[in-house]
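Data first, discussion second: the structure below is written as structure tokens.
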Amino acid sequence: MEVTLLIEATESAFKILEDARNHAAGIMDTTVELMAEESRVLRDKKCRAIFTGAQRRKTRFHNFMGTAIILFIFWSLLSGHFDLFHLVLGAVCSLAVSYLFHDLLFVNVRIGNLRTMAWRFLIYIPWLLGQILIANMHVAALVLRPKMPISPRIIRFKTKLETDISKVTLANSITLTPGTITIDIRGDEFYVHALSHMVADDLYGGEMEDRVAHIFMEGDHLYLQDALDAARIYETLGV
Amino acid sequence: MFESLLHHYNYWMFIGLMMIGFYAMMAKKNLIKKIIGMNIFQSAIILFFISTSVKGGGVTVPILEHPEGAQGGFVDVMKYANPLPHVLMLTAIVVMVATLGVALAVVMMIYKRYHTLEEDEIALIRRKQGLKC
Amino acid sequence: MIPTFNFILILFLFVCAIAAITIRDLLSAVLVLGAYSFFMCLLWAQMTAVDVAFTEASVSAGIGTVLFIGAVSRTERRSKD
Amino acid sequence: MIRESDDVIVRTVARLLMPFITLYALYVVMHGHYSPGGGFQGGVILAAGFILLVVTQGIDRVKRRMSQEKAIIFSSLGLLIYAGIGALCLILGGDYLDYGTLGRPLSVQRAEARSLGILGVEIGVALGVMAVMCAIFFAIFTPDQKNGRREQ
Amino acid sequence: MLGETSILIVIIPLISAALTPLVGLAREGLSYLCTITALTLSTLASVHTLFRVLTEGTVHYGLGGWPPPFGIELVVDPLNGMMLVLVSAVGLIVAVYSYRGVEQELTGRMVYFYTLYLLQVTGFLGILITGDLFNLYVFLEIASLAGYALIAVGEDGAPMACFRYIVMGTVGACFYLLGVGYIYISTGSLNMADVHLLMKGLYDSKVIATAIAFILTGLAIKMALFPLHVWLPDAYTKAPSAASALIAPLMTKISIYVMIRILFSVFGISLFVELFPLNRIMVWAGFAAICGGAVMALAQTDFKRMLCYILVAEVGYMIGGLGLANAIAIRGAILHILNDAVMTAGLFTVAGIIMHRMKSHRLADFEGLFQKMPFTMSAFVVCALSMIGVPPTCGFFSKWYLIHGAILARQWPFVAALLGSSLINGILFFRVIEVGYVFQFSTPAHTHAGEGMNRMEEAPLSMLIPTVGIAVAIILIGFYNQAIVKHIIDFALPKL
Amino acid sequence: MKTLSLISTIIAGAFLIYGSMDMPHWGDPYSPASTHVSPYYLRNSLKDTATPNVVTSVLADYRGYDTLGETTVIFTAGMGCLLLLKKRRKK
């Protein structure tokens, strides 16, 4: 009886010890794992920080060069003197200006898609001209009719466009088409003055908006601004 | 008399504008109005100088065309307007805007002190505070 | 010289000058003065003084009006005369 | 204090136009020989560009590009460029502002040297005018509001 | 051609004015040193130029290497050579003097002050040295603009006074410009010598008559001739002491110089004497200015304001002297330009010192000043005696010439005005001396106030030395006036 | 004040009109202003300064000293504004 008791006691004691050892080993393991995890995360963060920093520098350089090239083209259009002296002058001027203002021309531009955007924008312009022509005729028909059946109204609609530049493009396109004028943009709401309900219906149809969205490739979410924001957050964390 | 009117009306235009400006400078009580008058006055004088530079009959701006062609030395003077008053008036315009800047700065100092821009009200405030104006 | 155009410009000039010194709202007066400068600039361009017209357009009608607006907005808008 | 404009259209269009305005101003300065324009006009357009930026973006974000101190430095620099080119002519043995004497060190013709001298002078004028216009604008638009209230 | 010093007179202050803000951003005190250095160099250059003019005759300097009617020309003859030395020397002395006053009155704005100070002197020198009518306008505007800014930072009420000055000054400058335009349209030239030659055939033209009228009216506004003087007393009273010590003596004198130059070198003496009754008008204007200035000065209770009205009266001396149109009177007028600039500078520096110590410039605060600042007040007494016209000082001699000329021209009212004005000056200054000297013994309160009240409170040396220097200069000019008249002014006289 | 200024305005205007009676006709190509000095600039601008825009060449070269003065005027105005509207550190 006593022996069995003793044996049981010893067994249980051993079991307890075993448990304790197992626990300890588990804890040790998780600790190691955790540490490994942390160092991995750290390393990862560092990598990302380096990556975004480099990315930022790269995009800044791209912005700089892009601005300079556009400005140089502008200069050549203005100048009309193509001797060496004036070309060098123009190059110096456009580099200086783009050094000062390289961050103004391309904000919120998606990385790497500048060329597509420019191409799509060029295609958009003839379509807009066509729209302007149609709207012109419509308005002319309206006002030339003796009764002048205009019904001026202010309409408000929500837009799905996200960036400033696309909103402004849309607003200016609306203003350019006769019969409609953008009054204000508040957040994502457009306030537009329309001359008749037909133009207003055109706007509600949203074709122009879709096209503008198409130009600026709204929908994906990898904006340069986001990348820059992430980089800024990393910087403030001090990693 | 009519002859003279026909030939001099452009000079008289500037005199009219100058009188408007001069009157505003003297008679208006508001300081900004005085400065507006000053601006009109000065630009009327500039108008006079520019009218002295005009040559009747198909003259162009004093930018010589065909730099290579004119290298030979002959430039038809009667084809171009007189450049000298233009130069003088460029200077005068800049002087005008400089005066405008200083005058506005002084006006803002005055407003900071008295919180009004009317000359008579300022005089009233100063008298109330027992200061000579 | 196109005398009619000249006359119209001068008429506008006089209207603007008189309006600029009689309007009681200073901001409007200043803007009318900007218009005056611009008509002056057109008149000079018509008198073949392009450089002066350019300067007037940028200096008087541009910066001058901006400075005026600044001063008026920082002080007060109404005037007694 | 001028804050950022709350209108998206104005803000964005001003941002997009700004480099072009500046470049146009520089074009006006550099092509004063061939077309209307020159130092004053170009300088004033430059200043107008900065003023547009201040009005639309708020004064704080423009401080990096143009501030009161920079305006002072540039204005005296502009005058120094002008007076310095004149003094250079004096040192090179001509009369004051006789750009023809610059021809020898630059190894160009006298007339060309005068043309270059005019260009240099115009750049100085443009710099000075730009800086001074900005300085006057800053001085008029941003007086000390706090002190003004305390004085009352 | 660095040996050509005439251009350096203007250029050195100009370049230093552009350098001063850059230097001042680094350290504020450096702007003061920059100013002093520039003005010293400029003074040396102008002295050198004056000696050259006296030995070799009139100096011409074509800027940019262009021949005169086409380019701008600098001309230095004995008259403006003397004026150049005068202006740059007064500018230097006042600059040395100004440091303490600026430190006290314009804390934190010293850099801008000295920049504008240099620009002001540049404007003055540019007006004096140029030989071109339009260039004169440009430099007149530089001087005026710098003057507006320097005046407007003064004590309470200065901005309003300055605004009035801006309005009047702009009218003056624009009238001048209008006159130049009328000259230009009838002669086609802007160079003074060239215009003078072309003017010969145009004396009966209405355009020229209008041009004279407008130029003279414009300059009369700038020099504060009597009915047009309303801007002056307020502006100069309220300006900071350093600024008023610079501008008050020089601005009016320079306008008078310009008037002499326009009347004698551009329009010509025959136009002045024979064709118009201009000299009569000028004598009567001078008479009115002397009477008006003297009477107004009697009514003042403020020292600086009193000086301003005396200044208005002094302008009358010179205008009347020119209008008398005989050699002796014009000699007196030109000598009086020199004397008056020095005397007024002395008086305004004294006013500045008193402002610095007592924080006030009312006459009532002058009590007991002789005991507190003996050197300052003795300098003041010298200036005052010169203003009155007591023999060893320089003021006597110019007044002597003026009275002599007036008697020769039989302008008895003008003689009476000159004598009466001397008398009134005597009353005015003896009143000041009485307040400063006599009252300290008569009022017992002060003797009881004891040592604290009557302690020596002499001005700091940087202010005192220039003031005493000016006083010494007044006496020296008095002693050497014969030499000045013989070697400089007699060459400057127009051929009558 | 109003009548006084009106009178002085009218006097100035009348004087100017009186003076303008003897002026050369408006747009007269043979007026002294157009024949004395300015043809020199038009003839020699290209030869001397290689600048077709005569206004620029006169502005910056023939009368460059004026333009220096003008830049100084602008500089003066800027410094003046800064002096006047500088924030005061202590009251």
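The letters A, B, C, D, E and F name the chains in turn, as written, and every chain counts its residues from 1.
Criterion: a contact is a pair of C-beta atoms (placed from the backbone, for glycine too) under 8 Å apart; a residue touches a chain by one contact, two chains touch by 3 or more.
This is a predicted model, so every value here is computed, not measured.
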Task: Clusters that remain linked by touching, subunit E excluded - done: one piece
Task: Relative to subunit A, chain with the most remote C-alpha centre - done: E
Open item on the list: When contacts are scored as defined above, which chain pair ends up with more C-beta pairs, D-E or B-E?
Closed with: B-E
Task: Computed distance of Cα centres, subunit F from subunit E, in Å - done: 26
Task: Whole-Å gap between the CA centroids of subunit B and subunit C - done: 11
Task: subunit A and subunit D: spacing of chain centres that average the CA atoms, whole Å - done: 34
Task: Residues of subunit C engaged with two or more neighbouring chains - done: 1, 50-51, 55, 59, 63, 67, 70-71, 74
Task: Multi-partner residues of subunit B (each touching 2 or more other chains) - done: 10, 16, 22-23, 51-54, 56, 59, 61-63, 84-86, 88, 90-91, 93-95, 97-99, 101-102, 104-109
- [ ] Report the residues of subunit D in contact with subunit A in the complex, numbered from low to high.
- [x] 7-9, 11-13, 15-16, 18-20, 22-24, 26-27, 30-31, 34, 65
Task: Residue numbers on subunit F that touch subunit B, as the complex places them - done: 1-2, 4-6, 8-10, 12-13, 16-17, 20-21, 23, 25-29, 31, 33-34, 37-39, 41-43, 45-47, 50, 52-55, 58-59, 63, 66-67, 69-70, 73-74, 76-78, 80-81, 84-85
Task: Residues of subunit F touching subunit D in the complex - done: 46-53, 55-57, 59-61, 64-65, 67-68, 70-72, 74-75, 77-79, 81-82, 84-88, 91
- [ ] Note which residues of subunit D are touching subunit F in the complex, please.
- [x] 32-36, 38-40, 68, 71-72, 75-76, 78-79, 82-83, 86, 96-97, 99, 109-112, 114-115, 117-118, 121-122, 124-125, 128-129, 131-133, 135-136, 139-140, 143-144, 147, 150-151
- [ ] Note which residues of subunit C are touching subunit B in the complex, please.
- [x] 1, 6, 10, 13-14, 17-18, 20-21, 26, 29-30, 33, 36-37, 40, 43-44, 47-52, 55-56, 59-60, 63-64, 67-68, 70-72, 74-76, 79-81
